[in-house]
Amino acid sequence: MTTVTAGRAAGTTTSAAAPGTTGADAAPGPGRPAAKPATMAQALNRALRDAMAEDPAVHVMGEDVGALGGVFRITDGLAAEFGEDRCADTPLAEAGILGTAVGMAMYGLRPVVEMQFDAFAYPAFEQLISHVSRMRNRTRGALPMPITLRIPYGGGIGGVEHHSDSSEAYYMATPGLHVVTPATVGDAYGLLRQSIASDDPVVFLEPKRLYWAKDAVDLEAPPHSEPFGRAVVRRPGTSATLITYGPSLPVCLEAAEAAREDGLDLEVIDLRTLVPFDDETVCAAVRRTGRAVVVHEATGFAGPGAEIAARLTERCFHHLHAPVLRVAGFDIPYPPPMLEKHHLPGVDRILDAVDRLQWESEWTA
Amino acid sequence: MLSPAPPAAPYQEVLAMSVLEQTPDRETTGTRPAPPPWQPRTDPGPLLPDPEPYRLLGSRTRLDPAAKELWLELYRRLVLGRRYNQQATALTKQGRLAVYPSSTGQEACQVAAAMALEERDWLFPSYRDTLAAVSRGLDPVQALTLLRGDWHTGYDPREHRIAPLSTPLATQLPHAVGLAHAARLLGDDVVAMALVGDGGTSEGDFHEALNFAAVQQAPVVFLVQNNGFAISVPLAKQTAAPSIAHKAVGYGMPGRLVDGNDAPAVHQVLSEAVHRARNGGGPTLVEAITYRIDAHTNADDATRYRPGEEVEAWRAHDPVVLLERELRQRRQLTDRGARQAADAAEEMAAGLRARMNADPQLAPDDLFAHVYAGPTPQLREQAALLRAELTAEEDAV
Amino acid sequence: MTTVTAGRAAGTTTSAAAPGTTGADAAPGPGRPAAKPATMAQALNRALRDAMAEDPAVHVMGEDVGALGGVFRITDGLAAEFGEDRCADTPLAEAGILGTAVGMAMYGLRPVVEMQFDAFAYPAFEQLISHVSRMRNRTRGALPMPITLRIPYGGGIGGVEHHSDSSEAYYMATPGLHVVTPATVGDAYGLLRQSIASDDPVVFLEPKRLYWAKDAVDLEAPPHSEPFGRAVVRRPGTSATLITYGPSLPVCLEAAEAAREDGLDLEVIDLRTLVPFDDETVCAAVRRTGRAVVVHEATGFAGPGAEIAARLTERCFHHLHAPVLRVAGFDIPYPPPMLEKHHLPGVDRILDAVDRLQWESEWTA
Amino acid sequence: MLSPAPPAAPYQEVLAMSVLEQTPDRETTGTRPAPPPWQPRTDPGPLLPDPEPYRLLGSRTRLDPAAKELWLELYRRLVLGRRYNQQATALTKQGRLAVYPSSTGQEACQVAAAMALEERDWLFPSYRDTLAAVSRGLDPVQALTLLRGDWHTGYDPREHRIAPLSTPLATQLPHAVGLAHAARLLGDDVVAMALVGDGGTSEGDFHEALNFAAVQQAPVVFLVQNNGFAISVPLAKQTAAPSIAHKAVGYGMPGRLVDGNDAPAVHQVLSEAVHRARNGGGPTLVEAITYRIDAHTNADDATRYRPGEEVEAWRAHDPVVLLERELRQRRQLTDRGARQAADAAEEMAAGLRARMNADPQLAPDDLFAHVYAGPTPQLREQAALLRAELTAEEDAV
């Protein structure tokens, strides 16, 4: 919940990631020996394992999380190590899974629930909105809901329909939920640990196309992670600020590299937690550069970028040289695999938006 | 014999044709291809409910002293419950409650559900079940807080082991399963009793909860108060099943049917189910046949959808009257005993009335206090905004 | 779907409503005789009746819509007039209701589905998101979904928990849905007729606290309604523009009246359809006044106002003298009845926001 | 006798105590209070499935000419179906399909479901049921479009009366009910056949769909292909019911159990259910016992969660082999007939392979074409943006 000064957050920067890595929070810095690379999937798995080992109240549950280890293998080995009661295959019913997790949390457990894919979390919507997000409020704190709802989200993996949704707008619009999404291997570990430790419900969105992205992170001694609620400047810059999260971070870092050729020095911010939102870090950055583009895969209309653009404008209006622009998925159902590349915000679309920041807005006819 | 076209014989006959009836072929079973075993075999017989609801009143069964005391206690609580329902309804007319969904006519279910539980057990009430909560020992003022409107849940669920009254129908059922399952995993012999209406059984959450409970063998008792209506929709438009209790076999748990206006019968069936759950026997689905004597809530007009005669027929099967008559016939209840029960109920009602007539203390700051464990920066800003507004208002006055 | 020029839309204005009326689209104008006042509930009922009489494919369905006529009596008399098959009580299962409506639409019917309250639409979320909104797209137009999903929404009626949600953000963030909400008696009739006639699914949000508000609308000869997709200037003004919809329209009109005392001439725009959004009308207005406040009951963070503020800023940046501000419900679960007045945007909170438009933003420290 | 404390007797006995067994009280029934009638009485007996799955293969039943032709047609389609499954799986290895969930081992269910329907009927397939769609006459290339990835549904559902393959499990079941109900309201004698897996029966949508169907007496046949697994989760973790078919009684519809690898048996049971539905008899739930011989999809590793012996046991009960053996034993199938069936299958596979090797035509503009009946102003802007980008890209090349 704590936000820190923009200065400190901005200090936590690294160079842009090479293609195939998620970003950079674990590049071997001074005093830290180079670690064997780990994937985001491995980091998530390790976070679950460490959380379960540390706290017997942590219970993992979902479809196929047991013997199979989940369709993405994020829960691999947990049932073998902690028993099937601690890492439990459930019947195939998402409302039932989240609903029973509510009851388990009422009895003092700390359920970590896996939804198999983004769109398959929708059957649990009522339990999430009407109960998970409100139980603490309803009972004046007597029944907190320390539930972590893990949802692999986003596209770019060639998945058939219903396997590529970016549903974060629904969760952001729901008071009582935290919404978290890592973009780096280090954050996958750190944010998941922090989410499980949180006494409030967390919708933990895992960018599935980054599951196999690697970073040099030593999972035996996972690096310190920035706190929950804090955005991190992944790449400092002076010309304009790209604000992003999750699967779009590597794309933004790539765009920033490409922009150098045009003489532009783009800053890239990784939000990490969408709720709570780190106004301090983001506003400080935008006041510095005076120009910003929000980038995400979710559809644009009433999407996450709307809130970000609106609040930045409210708070930094007189520092802005151009409107905060948005580069987002089109306002269409997620397209079939062979067409998804046209839908997903790519480097060119981001740079086009940056171009539009330099001049009078073309919209002001 | 066999033909690809739809058979000419009437369907029922065709449907009844079964492997067992294929006698000529039975001899050759050894060579007939059969699928490998695909499932542990469960006998569905014991899971099926009796066709008639279980009843105790009017029987000649002798009562031992403990049973006598139980029946009398049930009676006192029924009298109290009826008075509570009347008082709460009256409070809506005085504007002291926003709304009240009365359980008049269903008091036997409410009271028996509470009494069948031990202190360590949990009750999961639906929005109509404030009386069950009160009968479990909750202060009626706290039970009615939701309906008065000063907060959503007026009590600490952990203190009383009563989950918040659930407004979204059937959503509390998976909670009960999860809690019972968690307790069992932790080695506690806690049972959860989950209440739902006939209408609520149509929701997907009902299905998912019962299935989870049966698969996990969770110690839960599901009590369906079948009061004939979901607001205006009668049972026949809600389900075509022989009974709601027949749903149990589809999950692999026993289904039982009980006369929901026969308090001792409801209490016995629920106690048995609780006992079974506590001893590792898994969940039970109990359907109690009862009737919603009042309208859906004080705001509803029941004459729009049901005839007065139906209500009258059920008034003749009133749970309070039935038990009183039986106790008097058995000479277990004297006029004095009945008066004492009535006096206690009157006292409760007077106290409730008095306390509900006081305006509740409200703290607008509470709006932000319990959204998260600690306020987010955003909520801190918003709380400050509201505080400034309130100060400005005060200054203006 | 058609948007018209801002000029025409702006022409459709009226004076502010007296308290107790919803607004004013049917005030007796020149050439129109004064009509007996009708409530919004009556207008909705009449729209259903007329639609059913005109098109046998229109089927009304939901919980208690038959003999009872719905808990708000919006379907009163329809079962008696058209039979229980055309106005059908369903079992109590919202996913089942909307899911069967999908099948009925596949067979050529035009289902009008009633959800009893806002929060009780959540069980139908998966059917809405995964099927209703996508079926046309999935089948390249072969299976359109002419479903109208009526949802009474919003607070202010002293309802207990789950009876006062403003859930429009969820629907706005879902491509493939239209999102419509009337604020006047005339629009209740006109927009509902247009929604039922639409070949696309419409989430039709009925502001429940305006059900009993009256306007002088002759339901025997309902007035012509502005087309779907067009916003309407309900009160012209020059100082700043209030942008709102549904239950907040009367509040904004009241605020505009009150602002006159401070010498401010506030314009009030009623969006009517949130999707599609009438950029033309709204942008034209904001370019004229240079200042805007978006007002709604829904929670602010990632709420409808975020999109409106963001897109206005994108399109009108150089015309703005101040950031577009938002006055919205707080970012909390809807409060209990006795506290809801503190949550709901009221006249004072709106005027405070207008005040902040006059100066340098206080956020730009 | 009666005591408020949990009874000492073992639970099963207590549970079995019923009104019927209360013999001493039966005599006094006249005076015993009983609830008014609360529901039309349905006999649950005929709704319950037989304990053993219905089978036809291996019986001595004589076949009339029509039945012979049916069995041969089933055989030809099974052979074709098996080949289709193999070919589609091979296409994933060649990168021509994004993924393929094979129905190998379940071909009898797929083929029989298609054949039990008339042309005017509707099929509601799940994501694994492309073969049922193909067996209903759909071009395999169209059936596989979703899995190839050029569009979500590769065919016009109205043309073929095949609903889109449903990926979200069980969500297609209420669609089937709604369509069947609508057809009935409009006077058309159309039947809907809805397919779902054992895992899918745990979803709330399954429950709600069956309940709606029974209450509305909608002409729907629900076919559950119980193939033992939901991805890695075995049936025993999915349900504790005696059988999935036992769920039917809880809705008031007949439940039937059939050997899903016995093609003539599946066809007969489904045909009877379709016939019954068409004639106003309402819905039926059919559970077909079968097995998913392949992994969940080509991307899955089934050795992680099931022993090879189990798969072997089921290979011995292969639907194609069983029917071929039976037909040969009955001298209805010659080597030549078998070869003809194999050749036809090979021809289908070759054609499919060839056509799937061509790259599909893609039109990026389609992204915006079918979101609404006509594009919104917003979508027009976005389409223009994409078009400009594509032009710029082309210019750059």
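Per-chain residue numbering starts at 1, and chain names A, B, C and D are given in the order in which the chains are listed.
Rule of thumb we're sticking to: contacts are C-beta pairs under 8 Å (C-beta built on N, C-alpha and C of every residue); 3 or more make two chains touch, one makes a residue touch a chain.
Here the structure is a predicted model, which means the values were calculated and not measured.
Colleague: Which chains are joined by the largest number of contacting C-beta pairs?
Modeller: So the chains sharing the most C-beta contacts are B-D.
Colleague: Hey, which chain ends up farthest from chain D, C-alpha centres compared?
Modeller: Looking at centroid distances, C is the chain farthest away.
Colleague: What is the distance, in whole Å, between the centres of chain A and chain C, each centre taken as the mean of its C-alpha atoms?
Modeller: Roughly 32 Å, centre to centre.
Colleague: How many Å are there between the centre of chain C and the centre of chain D, using C-alpha atoms for each centre?
Modeller: About 41 Å separates the centre of chain C from that of chain D.
Colleague: When the C-alpha atoms of chain B and chain D are each averaged to a single point, how far apart are the two points in Å?
Modeller: One centre to the other, that is 35 Å.
Colleague: Residues of chain B touching 2+ other chains?
Modeller: 151-152, 168, 202-205, 207-208, 211, 215, 237-239, 366, 371, 376, 378
Colleague: At which residue positions does chain C touch at least two other chains?
Modeller: Counting only residues that touch two or more other chains, chain C contributes 90-91, 93, 95-96, 119, 122-123, 126, 130, 134, 137-138, 161-162, 175-176, 275, 277, 301, 330-333.
Colleague: Hey, which residues of chain C end up touching chain B in the complex?
Modeller: Where chain C meets chain B, its residues are 63-64, 66-69, 71, 89-96, 119-120, 122-123, 158-163, 301, 330-333, 335-339, 342-343, 348-349, 352.
Colleague: Looking at the complex, which residues from chain B come into contact with chain D?
Modeller: 1-7, 11-12, 14-20, 22, 24-25, 28, 31-36, 38-44, 46-48, 50-64, 66-67, 69-70, 115, 202-208, 211, 214-215, 217, 226, 228, 235-243, 246-254, 256, 259-262, 264, 267-268, 271-272, 274-276, 278-279, 281, 289-291, 310, 313-314, 316-317, 322
Colleague: Using the touch definition up top, name the residues of chain C that touch chain D in the complex.
Modeller: On the chain C side, the touching residues are 1, 3, 59, 85, 90-91, 93, 95-96, 98-109, 123, 126-127, 130-131, 134-144, 175-176, 178, 198-200, 229, 275-277, 279-280.
Colleague: Of all residues in chain A, which touch chain C in the complex?
Modeller: Residues 95, 119, 122-123, 125-126, 129-130, 133-134, 137-138, 161-162, 169-170, 172-173, 175-176, 275, 277, 287, 298-299, 301-307, 309-311, 313-320, 322-326, 330-333, 360-361, 363-364.
Colleague: Using the touch definition from the top, list the residues of chain D that touch chain C in their complex.
Modeller: 151-153, 156-159, 163-164, 168, 171, 173-183, 185-186, 192, 204-205, 207-209, 211-212, 215, 366, 369-378
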